[in-house]
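Following are the structures in question.
Shared between the two complexes below is subunit A, which pairs with subunit B and subunit C, respectively.
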Partner chain A sequence: MRFRPGKIALLATVVASYLFLYLPILHIGLASFSRNSSFPYPPKWSLDIMTRLFSNSLYQTALGNSLIIGFFSAVLSTALAGAATIGLMRHAGRRAPLFLALFVAPLFVAEVLLGISSLIFNGLFLGLQGNLVSAILANVVHCFSYALLIIATQLYRYDWRLDDAAMVFGASPARTFFEVTLPLIWPGLLGAFIVTFIMAFNNLEISFYLLGATPTLPSAAWGALRYGVKPELYALATCVNLVVFLVLLVMFVLMMTRVVTFGHRPERERSAV
Partner chain B sequence: MAYITLDGVSKQYGSVWAVDRVNMAIDKQEFVSLLGPSGSGKTTLLRIIAGLETPTQGRVLIDGEDVTHLPPHRRGVAMVFQEFLLFPHRTVYENLAFPLRMLKLQKGEIEARVDWVLGILALRGLEKRYPNQLSGGQQQRVALGRGLVGRPKVLLLDEPLANLDRELRQEMEVEIRRHQTALGIPFIYVTHNQEEALSMSDRIAVVRGGRIEDFASRTDVYDRPKTAFIAQFVGRSNRFEGIVALAGEGIAVRGEGVLIETGPREGIADAAQVAAYVKNEKVRLRPAEPGAGAAANALPATVKHVILRGAYAEYVMSWAGGELVASRPRREAEFKEGAEVVGFWEKGDVDLFPAPGEMP
Partner chain C sequence: MKGRAAPALFLGIPTVFLVALFVLPLLSMLVLSVWRTENYHIIRDFNLHNYYVLATEGAYMTFLVRSLTMATAVSVICTLIAWPVAYGIMLYGGRYKLLFTLAFAVPFLTGEVLRIIALQGLLGPVGLLNGVLMALGAAPLRVIMYTNVASAIGLVYLYLPIVVTVIYLSLLNFDQRLIDAATIFGASPARAFFEVTWPLNLFGTLIGFALCFIPCLSATLAPRFLGGPNGTLYGMAMAQQFGESGTWALGAAMGVVLFAVSVLLVVIVAKTLDLRRTGFTGFGRG
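And now, the complex of A and B:
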């Protein structure tokens, strides 16, 4: 039983898949903490590269800007996508598939083109020069589509008749949303917020066109390439990965402790229906 | 002046009229049931009164005020839903306090009223539980309590007992009616279950295809069905078809192997095709007498099954034209399966309706 060939093949496939996914990241992580960064095997541990990165003020500014873009893009796109999803599910009726298709279409536009179009449009009609606001607006376009898909999978399980009940018992539509709807759907909104934050934080193509001279982490890394792959870039990649994995870890812990249930309705919701 | 008035209320979905020109006047102390098969529009009608749907045409008046275009939260109504729809993230106490908080009552008043409702519905001790920690019956009581606690102008109940088992349902029927009498507010109760409607209501509106087929006292609906649909839908009946032969004062209906006589009826023409209904409990039984000739309102039959229903026995019999069912008290003479009997009934127990193109 224990050595069934099928089981071994399955295990090997899983291991190979994970190696494929994580080896490059592990390599960079190892390199950024060792003295011989170009070929860190066996590694000689050192914090030199990290120190160099953190003493470089360009990267600090870039990190700040990336955080700003990530946060505000995530807030805006989650709020808009939440409203759009509720509209789709409650009021769109038979035309819902059409509206949905139009909402997610930006996903299929190349990000570079999205960046260029936004640059031209924002400059021409909104009077926005290349700056953070312009970059945030452009990032919201595709983040919105992602957020909509994430929130829709969550809200699909929500029983809208709970809203009917709240309204019959005297709650105005706004009150109904804050007293009943929001407390039950916030895990979906949080999921969308986290994913869109990471997307906007990591984005190069869109931000690049709209930022002008303002650096973000990806654009600073891209710019640094002109002078060759410097060890600072190793450290930078590791830091970005750490931030992203930290966010995912928080999400994972929330799921495991059942504070938040992504994709599942909590027990006490399900049995009430 | 009626307390609740529906004036020509209609609701159109696409090309379908889910509710079709409904007029109703309901008094303040009344318990009214909307009884009809699923898809008859009774729930839509209830949701129109609640304000969850807007009628395509017509007006809704509650306590003299035209509320047709008022949103649900400003109508002062309350509702008990079939699926309970308790707020899953709120405790029993918070669920019950919800309508009171929306009324912006003082904290002390809210506590007093929730305590009152916990008391009358025997929910004390469950205040801190969440809905998923309650049994179906307890959830149902909380749902009912949430409907009563705000002392609404009218309580709307949408098949509230459909998800409960039979025993619990009968208990709740008594309880619901008791609270209605105590509070003195109208209850409008939607159900497809005739037993529920008959056990609780003052008046029953039979709904069919979006229209009110009849709106009358429960005894009238049961004993004097106005249409063939009501005769079929309310109570359990034996149906016979035949041709009318007017005979002096009364009417004789000649069917295949059966002769039915009734008193005079209006609107029944000579030689018309009709359907006659006799309720199961109106069919009496006697042993067959060999050699006796055919008589009116008497049908020779063979007992096939005897179903015991506690105080009653249901005899399922076969006769030349099909099946005959009689429901008799147990204290009467009992017949065994296979017995030859005669099922008979009184002239006055026959309901007669024109048959062609009427029944679905």
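And now, the complex of A and C:
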């Protein structure tokens, strides 16, 4: 804007970074839909690799487990993070920084440490074998902080006087929550749910240590990767990438068409009238 | 909600949850680290033997130093790339800003294993890079894959999205009119950047740096599948104590070391900075 070379350098960096990020993804995407999978330029289209992937029963069980982990982790972490955000904004008072520090602490602990420490706690101190429930709970710890941040950025501008108004007119706290707060904040909760679902679904390092022999999609991929990269793994990665992109694309379209507005901003609505 | 129940419900449940499933496991890791493992059995007597091994055996110190170097290098590179990207999106993204940031954040969500697979597709022996070289008639490169450089590229690839997202969020909350104010009062663009934009986004930058540094320090996958024979990092060695070698107690001690280093980093950052002067607005309630 002010001086040209700066703008060009800036935009070049942006473009280069996107290329760096997406080139491998596009490459394996092409590879998994073609017969000449190691260098698909130009691709000879075929669905061989995809059919091989979908007929592999290990990946089917793994997919089921990953879906279970993803769904329950997302539900739990979104609910907990929603409660925690409201608690932080409404009830914490001067102790808010203290609670906030605890709530975001899992962000600053590496996933593998969460996995290993939960394994030690479960295995040695509680005498639990690897199971889905402890894997879900450990994932929730990690997802909780991300969900908290996502919900907090949405609730930051929420006008709490709306709740007070409802209660002045005699609504019970529960009714206020379900009829005023929830309808206004659900996009934030949905965003947190989607993100935490994808995170827990794709998590290796936490789930792996807590599941014992139960396979998940990432751990099955990890197991296969130890014996070298196979085209099936490209196909698997491509499938997951496609689903993730599709979900976020739908979310984005909803946002653009204003079906869903992330972040309720009463002041803007007032000025629009 | 004036009653006593609401705070207990909203703050208490998450707190209890985190204490039970986050703090207690970390404490149990600390306890295990002062026990010892013999023939896959854990013997519960207090000793500091594990830490003695970690401090005296050369290999573990090498791994730690290598991990610290790697994490520092990767985080610095990520921050250096992320700043222009976030700033570029901010300045020129227009109404598609959100789409651009989302596009950057999406790969972060698709899981480390799948992204390592994608990287193998880029850098691997039969990957894109070598494919292009061979198609052009050149000899395939053998120097990149299975070296520390490959690990570093992999880690940058894995953690660049989160750094960009964090710095972008920081810039989003930053009042751009302050730059205009600085230029109106005669500051050059460079001076406005270094005296206004940079210091006011320092907090966000440091958060991004930490969120890259900490996972890099305990990276297990990237060095294993991209790094070479002398690319073992601390986190990878730690994971092996829980897998192949079965020496849980030693692994727990390594975990404590990694955790301590991460905490030290966060404490140093928090102590050296005056948060209120770095664009940290706190968790406001209104």
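FYI, the second predicted complex is superposed on the first by the 243 of 273 C-alpha atoms of A that agree within 3 Å, B and C clash if a C-alpha of one lies under 4 Å from a C-alpha of the other, contacts with A are read in each partner's own complex, and residues count from 1 in each chain.
Everything below uses one rule, namely that a contact is a pair of C-beta atoms (placed from the backbone, for glycine too) under 8 Å apart; a residue touches a chain by one contact, two chains touch by 3 or more.
Treat the numbers as computed from the prediction; the structure is a model and nothing was measured.
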Subunit B versus subunit C as contact partner of A:Leu162, first or second or both or neither: first
Partner chain(s) touched by A:Leu184 [first = subunit B, second = subunit C, both, neither]: first
Contacts of A:Ala171 with subunit B and subunit C, given as first, second, both or neither: first
Subunit A residues touched - subunit C or subunit B, whichever exceeds: C
Subunit A residues contacted in one complex by subunit B, in the other by subunit C: 167, 173
Residues of subunit A touching subunit C in the complex: 1-3, 6-7, 9-11, 13-14, 17-18, 20-25, 27-28, 31, 38-39, 41, 80-81, 83-84, 86-92, 96-97, 99-100, 102-103, 105-114, 116-122, 124-125, 137-138, 140-141, 144, 152-153, 156, 167, 173, 195, 198-199, 201-205, 209, 218, 221-222, 225, 229, 233-234, 236-237, 240-241, 244-245, 248, 252, 255
Subunit C - residues contacting subunit A, complex: 1, 6-7, 9-11, 13-15, 17-18, 21-22, 24-26, 28-29, 32, 42, 81, 84-85, 87-89, 91-92, 98-99, 102-104, 106-107, 109-122, 124, 126-128, 131, 134-135, 157, 160-161, 164, 169, 189, 210-211, 214-215, 217-218, 220-221, 225, 235, 238-239, 242, 248, 251-252, 255, 258-259, 262-263, 266, 282-285
Of subunit A, residues touching subunit B in the complex: 159, 161-162, 164-173, 175, 179-180, 183-184, 266-273
In the complex with subunit A, residue positions of subunit B that touch it: 50-52, 71-73, 77-79, 81, 83-89, 98-99, 102-103, 130-133, 139, 146, 150, 156
